[in-house]
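Letters are used for the chains, namely A, B, C and D, taken in the order the chains are written, and counting of residues starts over at 1 for each.
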Amino acid sequence: MLLLIKRLSVPARHVARGTTCLLYSTEAPSSNCAIGFIGLGQMGFNMARHLRAKSKVPFVVYDLNRHAMEQFHAENGKDVGMASSPAELASRASVIVTVLPESAHVKEAYLGESGIIKGIRQGTLCIDSSTIDTSVSVDVSRQIIAAGARAVDAPISGGIMGAKAATLTFMVGSQTDSDFEQARAHLLLMGKNVVHCGDLGAGQAAKICNNLLLAISMIGTAEAMNLGMRLGLDPKVLASIVNTSSGRCWSSDTANPVPDVIATAPSTNNYNDGFKSRLMLKDLGLVSNAAKDSKTPLMLGALAENIYRHLSNDATMAEKDFSVVYQWLAKKP
Amino acid sequence: MLLLIKRLSVPARHVARGTTCLLYSTEAPSSNCAIGFIGLGQMGFNMARHLRAKSKVPFVVYDLNRHAMEQFHAENGKDVGMASSPAELASRASVIVTVLPESAHVKEAYLGESGIIKGIRQGTLCIDSSTIDTSVSVDVSRQIIAAGARAVDAPISGGIMGAKAATLTFMVGSQTDSDFEQARAHLLLMGKNVVHCGDLGAGQAAKICNNLLLAISMIGTAEAMNLGMRLGLDPKVLASIVNTSSGRCWSSDTANPVPDVIATAPSTNNYNDGFKSRLMLKDLGLVSNAAKDSKTPLMLGALAENIYRHLSNDATMAEKDFSVVYQWLAKKP
Amino acid sequence: MLLLIKRLSVPARHVARGTTCLLYSTEAPSSNCAIGFIGLGQMGFNMARHLRAKSKVPFVVYDLNRHAMEQFHAENGKDVGMASSPAELASRASVIVTVLPESAHVKEAYLGESGIIKGIRQGTLCIDSSTIDTSVSVDVSRQIIAAGARAVDAPISGGIMGAKAATLTFMVGSQTDSDFEQARAHLLLMGKNVVHCGDLGAGQAAKICNNLLLAISMIGTAEAMNLGMRLGLDPKVLASIVNTSSGRCWSSDTANPVPDVIATAPSTNNYNDGFKSRLMLKDLGLVSNAAKDSKTPLMLGALAENIYRHLSNDATMAEKDFSVVYQWLAKKP
Amino acid sequence: MLLLIKRLSVPARHVARGTTCLLYSTEAPSSNCAIGFIGLGQMGFNMARHLRAKSKVPFVVYDLNRHAMEQFHAENGKDVGMASSPAELASRASVIVTVLPESAHVKEAYLGESGIIKGIRQGTLCIDSSTIDTSVSVDVSRQIIAAGARAVDAPISGGIMGAKAATLTFMVGSQTDSDFEQARAHLLLMGKNVVHCGDLGAGQAAKICNNLLLAISMIGTAEAMNLGMRLGLDPKVLASIVNTSSGRCWSSDTANPVPDVIATAPSTNNYNDGFKSRLMLKDLGLVSNAAKDSKTPLMLGALAENIYRHLSNDATMAEKDFSVVYQWLAKKP
């Protein structure tokens, strides 16, 4: 399709929904084609860097933290714009990507007094890559759409490593296939997998369902490994058996929580450089909100959330990879 | 190695530990080389059939249920012996395989008044393929060894299907490598994977640790799938996302508990022909015994056991594949 | 203030318990002294009836359901005013009582487009007897106070029976002792215990902490009674032992979940006329919100919430007294 | 009846079942009337001291630890006999009291090679005040009865304090009322409440059901108190509200786990001098054994056991009163 568009040399104003300005790399960038990026935290900064480098259209950023904006500007070129507010950014961009920590920040950035909605242009595509409450995500997207623009949710899997290497996975919820396709074109500049999960909110829903199962299987792996070791099994032998049996899971074969079982697992690196316990706890909070709203009983999931809450009351463990739950469990009698 | 031994035609008394009488298929079977098999239930019957057909040595069976013995005899040849007790069987065999339901049966069969230990010959190898308490298994094995024979634990993974197709996996605990090797030679006639897990009891330990993680990840998968569906996700889409993400596990990618997600999963076949909930409950009982003995805290594991106990109080669900926990969870509000 | 009233020479013996404006019964009622009541559901209707009958000041009501207002008007006197909105009601009252189902209703009634805050008079005392999120309660109260009025939270214990009989208990959070005292005077017309729990939000906090423990001890009682009965104990004997031992609790000695152990318990009346499971579930939702906000780990509490969620997916059980969890647990194998 | 026996001066052999030798305090003690006591640990030593002092019949003790026997002998009189085995003790006594730590010790003391059953006399009453598995208790009692003697289970509530002050409560299971009556006469010398719970094993069952509920309500109280305090409530105020509301329980009003709420609670005394966590864990182990045997699902109970197991892996907490679970939970974030 990209090829087709180029061959036909359609004028920008005729470009069908679902394509992106950035395709016209031979033409001079116009402000119609600018990309806005809000949220230059550890994830966002790295993602924006890739997007800026590969998209070759005007680029404008916003962050509450002015220092982060200036650093991005300094590192990524003098032509990077720095907006004074989400509203102003929205007035200058036709694609907006947001990567923010929590539901409240997303609500504020999109719907607040100087939020995106106050400046947004007709047809602009908003891609929210924050991981937030499904219900908030759907509500924000609907308001943006009601204002004449477009919105998809596209939460991320892959962590800071993935953001740096542009190997992230995005789980996307969109109202139309063309919204998905256009979002996908941009997201592939920052990651390598973009999955269409369904309607608005489906990206959020898929992400938290995955992380629910992830938390449960990690604690389960920690329990099983700990039990086996106390019964005298060698942890490598036990892991190798489980990993070729019905107990196999990512938490066992890739991120085994017992140090030195898997050389590349965070546990082997003193539980560093992984997915922090407090972030898993945050996602489990989104899970339990969604479960409450949808009257869905969780048993293991509810307990998993509270185990991570208990564990995260230890300031050190809160900052470690979530496989540190093995240490929490395995204290010697 | 099998070939080598044959060519050398070493006398039986010189055969190294770790080989088996059954190798001498060209020689007349001698009672020294007989295999005894105790426990002709659904698993044992099918296993014994393969062992009998492939080992070509005298074969003698025992089961409390005389009818099962007679049926085996009728179906598998007139030269199959029927013992009057485990002790008598032991007096006629140099390799004994046992496949029994619970710890108490194993204790009785090995150490009871007319148990194996009362008739066992020096050097006989006992292979217990029951899934029982690790502590009982170790204790029984030690008593058999103290009586001058040899013992390994070799619990099974793979179910009745695997028993019929001789595709079982065996997890073996043994005192010596040669005991393991000899057990392995026999077990490969009934299955296709034989894993050395460690010292006596290690087979039992490995199996219950695997099944602990299996139960947890199955319930976790059911919770995550149910939540996702209530949030509007298509179950196949959700499963495909999870299965390429950090939530992937055997319970999600092979035995997904939501019907029609995986064509070959028991859930798609009305939860039939899988691993029954009540058998999972039994294994989780072994888990909690071992956890209690070793002072190992389980959180998700303890809850999983009690979820399966609650579920198994429904007579229908007790007989269904353990992925039926999805139905238990997913009742509509 | 009480002293002031005394100085004005109102004979003490004529002063009704704990009243405010309504003390001046010899004076013509003025609109300054009117009581406004919002929320004529099952609880509120009965509470308002008592307050109306005992306070002898102008009375004005509001409910989204116009039929409920008209019924109250018809049953409680032609001089009961019917407001067109919370704002209008607020413009006519100096004390306002609200009894609403959920946080969203309270936010709307107080802070919405035609909410109380739009019509409120300086110094008016708002008494919110809804059971809602502690954080929402504090936020609403603070906004009312910032608008020049006063606010207390005063959630209720005692149920519809208590509302009919005016035997309710109120748990009050207030900024000042005098706010508490004035609220107390009114609340005693609708109940018999009014407890000062602390600052704004403390009434909500106390109520949900009590109900957290209540849910846990009820499920615990159900588990202990069920276990004892399966072990052969007579439930009355077991209850009598527990009730004089360290296991005693309200759920065992007053509302025992096993039918016929306590004659007056809802369980004995087919789990009717008690505190519905779905309402306990609602309160446990408030508990888990508060726990999340305050990073407080719950273990049994989180599980209790999800047990009530599972149980409430059965439409019949949802409407039964929450002791019906015994039936949920005790299904026979 | 007691009076009647005295007046008639019936010879010992005619004494009806259900009476006790010790009634004949005016007569010289005969060996027919001796009391045997096995188990001189912290509980047993104190209990035996009271029984010895108040019963005025020959007294013979046994403990595996010879030093404990000698100390008892030294402190309680030269005429206290020291048996060489339970069998020998049994040959010298007509009433036997046992207070032992675990099921295995009781099995050994009663049924072992030199166990009570090897020396027991016809009609001797065995009172086992150990807290052990209900199934083991019933089995041991039945074997003693089959040997021509009598047996009751009579586990204890009240702790070391109660043993010292002779204020213990005994929960008794017996086959006949007269066995209960005779046991009661002796138990009242060591405690003040003796409750007939039902048939053999009923004492054990009642005790563990009580302690199951106790553990759950203690953790529940700790969760509710911790939540309330994090929400800003004063713990004394919260406790006073709960204790007059539906959350009230022994763990809240008598042994509140937050220090300084209840002056006499172990928590206020640095969690000393109460019921140790590791002993609560032991009892919860008996609970889960009984639940497994009777296919009774526990949810909160299973989690409670594992919380105490996790906590008891901390050597200090294991020795503290079980209300220390509040400290386990309340670690600050």
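Here is the rule we go by: contacts are C-beta pairs under 8 Å (C-beta built on N, C-alpha and C of every residue); 3 or more make two chains touch, one makes a residue touch a chain.
To keep track of the chains, here are their UniProt names: A, B, C, D = 3-hydroxyisobutyrate dehydrogenase.
Keep in mind that this is a model prediction, so the values were computed, not measured.
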Most distant chain from chain A by Cα centroid: D
Chain pair showing more contacts of the two, A-D and A-C: A-C
Centre distance in Å when chain A and chain D are each reduced to the mean of their C-alpha atoms: 57
Chain C and chain D: spacing of chain centres that average the CA atoms, whole Å: 43
Where chain A and chain C are represented by their mean Cα positions, the distance between them in whole Å: 42
Numbers and ranges of chain A residues touching at least 2 other chains: 291, 295-299, 303, 307, 310, 312-313, 329, 333
Chain B - residues contacting chain D, complex: 285, 288, 291-292, 295-299, 302-303, 305-307, 309-310, 312-313
Of chain B, residues touching chain A in the complex: 134, 157, 169, 171, 193, 195, 197-199, 201-202, 205-206, 208-214, 216-217, 219-221, 223-228, 230-234, 237-238, 240-242, 244-252, 254-255, 287, 290-291, 294-301, 303-304, 307, 329, 333
Residues of chain A defined as touching chain D within the complex: 299, 303, 310, 312-315, 318, 329, 331-333
